[in-house]
Each structure stands twice: as C-alpha cells, then as structure tokens.
Amino acid sequence: MKPKVLIVMGSDSDLPVMEEAGKILKEFKIPYEITIASAHRSPDRTVKITRDAERTGVEVIIAGAGAAAHLAGVMAAHTILPVIGVPIDSSPLKGIDALLSTVQMPPGIPVAAMAIGKAGARNAGILAAQILGLKTPGFQKTLRAHKKKMVEEVLKKAEKVRRK
Amino acid sequence: MKPKVLIVMGSDSDLPVMEEAGKILKEFKIPYEITIASAHRSPDRTVKITRDAERTGVEVIIAGAGAAAHLAGVMAAHTILPVIGVPIDSSPLKGIDALLSTVQMPPGIPVAAMAIGKAGARNAGILAAQILGLKTPGFQKTLRAHKKKMVEEVLKKAEKVRRK
Amino acid sequence: MKPKVLIVMGSDSDLPVMEEAGKILKEFKIPYEITIASAHRSPDRTVKITRDAERTGVEVIIAGAGAAAHLAGVMAAHTILPVIGVPIDSSPLKGIDALLSTVQMPPGIPVAAMAIGKAGARNAGILAAQILGLKTPGFQKTLRAHKKKMVEEVLKKAEKVRRK
Amino acid sequence: MKPKVLIVMGSDSDLPVMEEAGKILKEFKIPYEITIASAHRSPDRTVKITRDAERTGVEVIIAGAGAAAHLAGVMAAHTILPVIGVPIDSSPLKGIDALLSTVQMPPGIPVAAMAIGKAGARNAGILAAQILGLKTPGFQKTLRAHKKKMVEEVLKKAEKVRRK
Amino acid sequence: MKPKVLIVMGSDSDLPVMEEAGKILKEFKIPYEITIASAHRSPDRTVKITRDAERTGVEVIIAGAGAAAHLAGVMAAHTILPVIGVPIDSSPLKGIDALLSTVQMPPGIPVAAMAIGKAGARNAGILAAQILGLKTPGFQKTLRAHKKKMVEEVLKKAEKVRRK
Amino acid sequence: MKPKVLIVMGSDSDLPVMEEAGKILKEFKIPYEITIASAHRSPDRTVKITRDAERTGVEVIIAGAGAAAHLAGVMAAHTILPVIGVPIDSSPLKGIDALLSTVQMPPGIPVAAMAIGKAGARNAGILAAQILGLKTPGFQKTLRAHKKKMVEEVLKKAEKVRRK
Amino acid sequence: MKPKVLIVMGSDSDLPVMEEAGKILKEFKIPYEITIASAHRSPDRTVKITRDAERTGVEVIIAGAGAAAHLAGVMAAHTILPVIGVPIDSSPLKGIDALLSTVQMPPGIPVAAMAIGKAGARNAGILAAQILGLKTPGFQKTLRAHKKKMVEEVLKKAEKVRRK
Amino acid sequence: MKPKVLIVMGSDSDLPVMEEAGKILKEFKIPYEITIASAHRSPDRTVKITRDAERTGVEVIIAGAGAAAHLAGVMAAHTILPVIGVPIDSSPLKGIDALLSTVQMPPGIPVAAMAIGKAGARNAGILAAQILGLKTPGFQKTLRAHKKKMVEEVLKKAEKVRRK
C-alpha cells in the first residue's frame, strides 16, 4: 500500500525516538515509510524526498531532528503538505535547542511542533492520524476508540494505586 | 457558510495576535469563527465549544493563549480534531512559559505548536489551510500560489536592497 | 475516616514522587486519598474527581504532573478549594516545563506551586497541613513540633560534621 | 476589624503589583494589612512581623519580592501559617530569578508560589480567600459567585469579539 | 570589483543589523554584495545564490536571520566556503532561539556563529576580513591597524572618564 | 587556633561540595570551622551562628546551599562581614535556581557569588584567602606561590598532551 | 589620597551602571579610581592596570562588563587581589550571558559575582567596603550605621504605605 | 611540517572533546599542534602561545573551554588570526555557560563559535579546513569529497533503516 505518511529523521541514532511515530501509525493501520535525510549533510536528498513525497501521494510528513534541528523547517519550505516536527534531545542542551529550532518558524512556513523526544514522536503519529482522519470516512471511530482506551488505562492504573 | 476552522483565545487582549490567523484564512477563503474561552476561567464553556465544534463540522481548531497556556491542551483532550496551539507572549517571561505549556504535551494528546506570537498565529492559519487542502480538490493550487507569492516578495525586497 | 486531602497525579510513574505528600500527611494523621487522573488523557474523570472531592468534604487538593503540567490548573478551574501543584521532572527539560505550566496561572484561578520533584511533593503535604491546621484546634502544636524536629535534625547533622 | 491576611513586600516599588492582592481581598471583604519588610535590609523586622502576625490572629501571609526573592521563604521559616509567595519582575531577568528563589523551597518549609507579577498578586488574594473560606460558613457561596462572574466576563468578551 | 563576501539576510527588517557587517567590510575595502534570501520562504533562491557565490569567486558568506534561524545552516549545507552566522533578536525570545538555531550545527557542517544582533554583524565582517587576510599580502597590516585603533578608542574614553 | 573563616552549608548532603572550600583553606593554613545551618529549617540557628561568628573573630563567611539557596543571603543580612555564596546543584534544575537565588541580591546586601558546585566551593576558599591576605603580612607570597603552582600544573599537562 | 579600590568597566556605555559602585564608596569615604579597559579590545592595558593596581596599593578591584563579560576573569587571572565582578545587561540576552561569563569561573581563579546591573554595582561597592573594613579600625561602626540606615528607610516606607 | 592550525584547550579533561578537531584535520592532512593553556590559570602562557602561533605561521586557532569559557576570547584579543571557539559541557549547566561566554563577544573581536561539545570540535576542524582551503590550490576538491562522503553515509543508513 502506498505510504500516506513519511517519517524522516536526521540521523540513524534518532530511530529509537522516531519509531514511536511508526508504532502508533501501525496501530492505526496507516501506511507509512520511514527514512533518513539530513537537512545539513544531505540537503539535496532532503529536498528530493520532500518533492517525491508530494508527488507520490504522501499526505503528512513527520520530521525528527536534534540540536539546530532544521529538518522539519527545510521540508516545510519545499512542500504544501502539513509537516510535523519532533525535536530530539540529542545534544547537551537536552532538546531545548531542537525545540526552538523547530517551533520558531517565521511567518509563511508552518511546522507543527511536538514535545521533545518519544512523547513528541508518538503524538506526531496521532496528529497525522487526526489529519488523515478528516478525509477518511469511519476513521473518526478509530480515533475515538483510541481516546477511550487511554481513559481505561488511566482507570486501571488508578485502581492499582488505590489497592496499594 | 459553516466555519471549517474555530479560532479560540484565552482573553480579548490576545485578539491583535490571533486575528493574524483569521486574516490568512480569509485570504484562503476558508470560513472560520473566532471566539474567546478561557481554559481556567470558563472551563465548561471551553469543553462545550470544543464538542460543538466537532458536532457542527469544524475540522481544525486553533487555540491561542499566554502564560500557563492550557487552552490548546484542554481542547485537544476533548476532541479528535487536529488542534493547533499558538503561544502568546503576554507574561513577563516573553512567551517561553506559553510555549512550553503548549508544546510539551504528554503522549496521547497532540497539540501542533506554532511559534510565539503573531508569526505563530499566521502560521496556524496556513497549517489549517494545508490540512484542509488535503481534502479540497483544487486547493493545492491556492497553496502553491501562496508559496510563490512569498518567493516574489523576497525577490522584490532583495531588489530594493540591491538598489540602495 | 473521610479524606481531607486528595492527592492526584497524571501518571502512575509519578507515584514515587507524589507518595512523599502522602507520607507527611500520614505523619500528621491527616486522612487522604491518592489517585490518578490525567488532565489530557482522562479529562472528564479529572473534572469528576474534582467535583466529587468538593462534594465529599475534601478540603485541599494536591496535583502533581510533568511536562505541560495542566492537572493542577484544570482542577483549580473546577473548584473553589485550594489546589497545590507539584511540578514533576519527567521530561527531558528537567521540570522547568512542568514548573512554568503549573505556576504561571492567569489571574482568577490560583494554583499554589511547589518546588519541582520530591521536595515539592513533601512540601505540598506540609502546606495542606498548615491550611487544615487553621481550623483544627490543637493542630498548631503538631505543626510547631514538626518545625522543632527539623531544627533538631539540623543540630544532629551539625554535630556529626563537627566530629569528623 | 483585625486583619486575617498580612501582605508584605520587599520594597515600596513593589506596591503597584502587590496592591492587586489587596484589591481582591477588599472585594471579598477580608480584612488585611499591607506593609514593607525586606528579608535582606530589615531581617529582624521581617521575623518580628511574621511572629506578630501569628500572635495577633493573622491566618495567611502573602509575601512579594523580586530578584533573589527570599521574603516569602524567610517568613515561612518563622511561622506555621500558610505563606503565599509572589515573584516580582523587577530585575533585568524579568522575574525568572524571583520565581526560582520563591518556588524552589527545600523540603520542610513550603511557600505557595504564584505567577510572576500582577497576575500572581491577584491570585495570591484569591488563594488566601479560598484558604480562609474553608473555615468561614457561607464563604463558599462568595467564592462560587466570583467564579461565576469570571465566566460571565468571558461570555461578554466573546460576544464583543463575535460582533466585530 | 567582484564581491569577495556575500551578506545575506532572511528579511529586509534585518537590514539595520546586517549593514553593520557591510560597514566594516567597506572600511577594510573588501568588496561585498548584500541581498535577501529566506531559507524558508525562498529556499530555491537560497540554494541558488549559495552556488552562484561559490562559482563567481565569493570566498566568505555571512548569513543573518532571526527566530528558527536556518539561513546560515542551509547555505553551509550547500557550499564548502566558510559560512558565518549572525543570530538576530527579532522574536519575543530576544535571539536565544536564533542563537541556538545557528550555533548548534550537527557534525559535518560548521557555521561560525557570532553574537546576537549588531555586535555579531560587525564581528562577522571582521572575521571575514581575518579569513581573507590570510591570503592577501599586506592585509595583516590593515588588521593590526584596526586592532590598534580600538586600543586608542579605549584610551580616549578612559581619559574622558578620568576627567569627569 | 580561632577560626578566621566559617563554612556553613544548608544540608549534610552538601558536604562533598563544601569540603573543597575547607581543603584549600587547610592548604593555606587558615583556621576555619565547618557546620550546618538551614536558612529555612533552622533560621534562628542561622542568625545565631552569624552573630557568633562576628563576635568571635571570624572574618569571612562561606555559605553553600542548593535550590532556593537563601543561606548566604540570610547570613549577609545579619552581618557586616564579607559573605561568599556557593550555589549547589542539588535540585533537578542543576543549580541555576541556586545560582540566581544566591547572586541576584538586592542593593544594600552583597553576597559574593561563586560558580555552581565544587569549582565554586574551591574558589570560595581562595577568595577568603585573598581577602584575609590583605591584612596578613607575608601572605601575598603564599598566594603568588599558589598561582605559580597552577601555571606549572598547566605546563605539565601540556607536556603530557604534547608527548601523546 | 591613594585609591584603595579600582573600578574598571569594559565600555563607557557601562558608566551609568558602574558609577553606583563609586557613589557608595564615596559615601564610605573610601578613595577609588574609575577607568575603562576592555578585556578584548585593549587586553594589554587590562593586564597593565591590573598589575599597576597591585603595585600601587589598590586592595580591591571591581570590574563590570556585559555580554561575554571576561573583564573580571582576566583581571583575576593576573592578580592576587580580590576581584568583584558586575554583570551588565547590555546585550539582547538581558545580562544572563554576562552573569554566566562572570560567575562560572574555573577552580583556582575566583571572581566575586554580584547581581546584574545597578543593584550589583552598588553591592560591589559595599562588599569592597566590607573587605577593607576588616583591616580598618573603627570601620565596622560605619558599616553597621549603613545597615541601620537601611532598616530605617524600610520603616519609613512601611509607614508611608500604612498611611495610604 | 609546520602546524597550520593550533588547537588549545583549557584543561586536559577537555582532550576527549578537542581531539575530534585533531582527527578531522589529520583526515584532511592539515598539520596541527595541540596543547593546553588556561585563560585563567596560565594567562601569560595563553598570550605567549597566541603570539608565537602568529609568528610561526599558524593560520587558524581552535580554542575549547568550559564554564566561563574565556580562552577563545582571550586568544582573539591578542591575534588577527581567525579564532574558532568550542564550548565544552563540563559544568553543571551543560555548556550553556560556555556557549554564551564564547559566542557573545563584543564588537571588534570576533570568535567563531561552534556547537557545544564533540559536534562543535569536529566542526571546528572542518571550518579550519574550509578557511585554509581558500588559499590552497586543489583543496576544494578534498572538501567536496568530504561533503560527498557524508551524503553517501546518509544513504547507507537510510538503506539500513529501509531494510529493517
């Protein structure tokens, strides 16, 4: 099945973070592709996969990077697809550099910034699902079920704490 | 026409920032509604307008707030629609409080965080357009035209600088 | 005995921090209940336990959460009881995100913010005791004894250091 | 009427901020006293007014200070009354110094920290009212009315925005 | 004369900052060109002028931008010329976002980051001169004269202060 | 011999940091005393040892504390002796809270702030020696010897690196 | 009279801040000299005046600078006199850069850091007086009188607030 | 062969970071020397090796230091050679202190700041190569090959991720 979401990361060391986005997309049965492109070390490839994505029917891009995290911004500059950015805490500054580099985009070119690290990667997957859900009949049921499951998990944990 | 985007802000003092989102939506001819709801001062209203939004066909929510900016997060907790958060620099901390309160969402409930202030509000409108564009035949042309116009503006300004 | 204090946390991983609040309340013989509710994943439950607390005679609420820590703020929005917030350092930003999300409340809805982590959780318990102490005849003696014990512990430690 | 709340600030330049706490207490018809004491320039006075407060029936202390804001902490060290701290943005660091100096109290001596500046001062007054409300029959009605008024103000502002 | 240095900025509002770089280059009689290119709004132009620069004999690039300042990084990705980055304080975060976005480059693609704002722009010009000076016989004398002039200015100001 | 320097710390867990101050004083053969006093948990003791210090001939006070580090400020409020403050990184915020609480003193009551942690504790000892050196004939030779030893250590390490 | 204190600043624009140190020294009748030396623009002069100071009987050095404030550190490297550093908020980062550059000295070379800006400059003067007071018979009375005057000023202001 | 680049670090504990700069220079076959000099502990040596460098034909200086990292700034003050600064995360503040001390140089004396830690050290080496490349016929080929190799490494890693 043709991928609807493209997950890109700046380095293979970002994989343990970014595969959280993949896991939740798999849960939602949304086809995706995951790859590596560095905004700085392989800029032409970054532009190319952005354009290819648009051309081949990808509808949402998720880009994760650390430090001066330019990946999401560079991809957003080259596409009209929604781009979700995941800041990764891979530098000594613990991700505040990646967060500001991702979120403080100038007017004209939005990047949808997520939380730093795994929480952000997982949420990137969910946001992609919410966006795709707008045009997929029946998908809202899946999203509601996911929300309900989270409520149940909270209740189970609350029950465990109560019994202690 | 029924609004496709709901713009909410925590206080009427946020209007000069948040109307940037409205302006760009108007440019894109996307119908929207703009209102005030405080996550803290009027929490029931906040939940109600979130649910009403989903029920009445709104497809994207834009929420702007300052300080401990919970508005976008609270709305995201109550909907499966994509929620875009705009941190506003209305406290002495210049918006870093609003940014962290907006972007550092826990796994399960994404908020698409924008830049602090007017740049972020404008980009929230563009991201909403990109999201809606995925299901609107012909809209991609509009988005591409908008991107092209920005290039032209850069060129004009570069020309002016050159002539100085 | 009916709980006078309700301790709530956003996730079961916050328990090692938040049980510090419970320990000190136990020391003060103040009945309390401890449970889990996420402002984001289980928003309705959060509102419900807030209202139930007020209805069933709880007099102080302690809420601990990490990252974009909205729990205390959401509970404060729904009650007229004093709400004490404990920021937890569970994100890569080491709790500065949770602190700002907890303390920077807009005018109208106060949250009594404590220090980040275990120190804050313990102090939340003591503040709850101080508040309840205002209406409990004889309780001030207990609070003074606790203060005195701390002085003695400092003296003992000073003595140990002196002997080295 | 004997004051129930003592409002203290480190310097007379803090008055425009701290009188926000007084205003809301006046609204709630809670008697209060407002004075100046510097934890650093007049430490003995600070201790004396703290002890006098406890002795003369004050039940809540509100202390506002800027920079290395020690006032609330010093007062909390000398009393078993609840102490509310208001960080003031009077140094070039815009209040982040005052916030951390106020909120990061060590285990044993809580200070209930509010937001930086006027929002925090106003909320300090409301929190004091919530605390005193626990032992004042009928006061909960006043607090609920205040909460309701805030909802109405939001609605009025929303109406204004709608009409634009 | 063919430009040896290319000064680029993200927006025409950055001109008052970036012309500091031009002024000092003029003082050093180093030919330069100044233009506008946005890494986000005109990405293709940014790449094009980077490649053209290399092709037409430019030897040093100076790039100034604010917020999520990617301009220097994007240009560095496309050239083997030294790229000097000037962070500009044009967002509510006062340039700390631009600084981290400029300086925290991943291994492989250096950007020589300067101080935020005008001080940084002026220093970018001097660093460019130092770099070009390495291959220009006699230029070291010019640089030493410039250093000496700064010493003299300090002395003059010291004299003025002494006379007060 | 009567102590010339009093080293105080807020908690026994600060000892591994603060004994660095003691070690260097021992090296300089300056008699000192080391003890524990918490500005918050044992405020009267803190004042008492400050006054006793002045009375018994102590000439410099070194105070180390973490989090909302008020110890040095409180002691400075009660003495006309020079007070040196050492911020300790014992909270999740890694000492930035302790640094700001120590250094941002209001006009009138100085604290000589050192670097966070062991570097700061060691330097506190050296600064105390420099201050005492002003009135101790012959001591300047000791201080110069210490400075010279540091130069030699740098040379030895440089030699080692060269041989690699 | 020969100066006992040398006040140095990096630039003449720092004079309005640094003359606060001079004013208080004048109040204390301590002879001082005030001059300009930039650690970066006039490094040799900086070393020279440091050595001259030591040679001519100066006993305390006060150095104020902004941005990457190296002045105090450089002077401390070249003397065994106590060096007091005043961080100045002259860059867009509002003095946090100057504070960290001044206070985070490596082990071996202490700088006594003061608060950012005028408060710090004034306190530098007082600390210098406290240090010199250790060897000046009768001076402690002056320092105690100064402390007492501050108490009285607080009382006067408190009285004014009471009368409002 | 005579060194073209001088790598200096403030302490031998910085060697694991700074040898990254050496490794890449070795790869580029650029002769370099590596040594230790502390701006604070051995200031005369620091000035001497800076002047010797200029005199003996060194063309680029790389200086790495942590905390109040003055090394690069001090060397820049004494030379007209380009100085590259590498901030090292050796203090509890994780390098933000070293970064600001390195990058926020006043107008007149530039330091080319790199990212914090190993990434920055490696990039310092590459920037030195780019600078030297301007005057070395044929060297641009080497730099382009290095850039190409990085692209290939990204492709290889992308391929590995694809196969998973």
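In this document, chain identifiers A, B, C, D, E, F, G and H correspond to the written order of the chains, with residue numbering beginning at 1 in each.
The rule is simple: a contact is a pair of C-beta atoms (placed from the backbone, for glycine too) under 8 Å apart; a residue touches a chain by one contact, two chains touch by 3 or more.
A quick note: this is a predicted structure, and the numbers were derived from the prediction, not measured.
**Student:** Any chance you could name the chains that touch subunit A and subunit E both?
**Tutor:** B, H
**Student:** Count the smallest number of chain-to-chain hops linking subunit C with subunit F, moving only between touching chains.
**Tutor:** 1
**Student:** Sharing over half of the contact pairs with A-E by residue number is what counts; pick that pair out of A-B, G-H or C-F.
**Tutor:** G-H
**Student:** Between subunit C and subunit G, what distance separates the C-alpha centroids? Give it in angstrom.
**Tutor:** The mean C-alpha positions of subunit C and subunit G differ by 42 Å.
**Student:** If you average the CA atoms of subunit E and of subunit H, how many Å lie between those two points?
**Tutor:** Subunit E and subunit H have C-alpha centres separated by 19 Å.
**Student:** Between subunit C and subunit H, what is the separation of their C-alpha centroids in Å?
**Tutor:** 48
**Student:** Report the inter-chain centroid distance for subunit A and subunit C in whole angstrom, where each centroid is the mean of the CA atoms.
**Tutor:** Between these chains, centre-to-centre, one finds 34 Å.
**Student:** Would you mind listing the residues of subunit F that make contact with two or more other chains?
**Tutor:** Subunit F, residues with two or more chain partners: 11, 38, 41, 67-68, 91, 93-94, 96, 103-106, 108-109, 115-116, 119, 150.
**Student:** What are all the chain pairs that meet the touch criterion?
**Tutor:** Pairs satisfying the touch definition: A-B, A-C, A-E, A-H, B-C, B-D, B-E, C-D, C-F, D-F, D-G, E-G, E-H, F-G, F-H, G-H.
**Student:** Within the complex, which stretch of subunit G touches subunit H?
**Tutor:** So the residues of subunit G in touch with subunit H come to 10-11, 38-41, 43, 47, 66-68, 70, 73-74, 76-78, 91, 93, 96-97, 100-106, 108-109.
**Student:** Can you list the subunit H residues touching subunit F in their complex?
**Tutor:** Touch list, subunit H to subunit F: 11-12, 15, 34-38, 41-42, 44-45, 67-68, 91-94.
**Student:** Given the complex with subunit C, which residues does subunit A contribute to the contact?
**Tutor:** Touch residues, subunit A against subunit C: 89, 94-96, 115-117, 119, 150-151, 153-155, 157-158, 160-162.
**Student:** Which residues of subunit E touch subunit H in their complex?
**Tutor:** 20, 59, 80-82, 84, 99, 103-116, 118-119, 122-124, 126-127, 130-135, 140, 143-144, 147, 150
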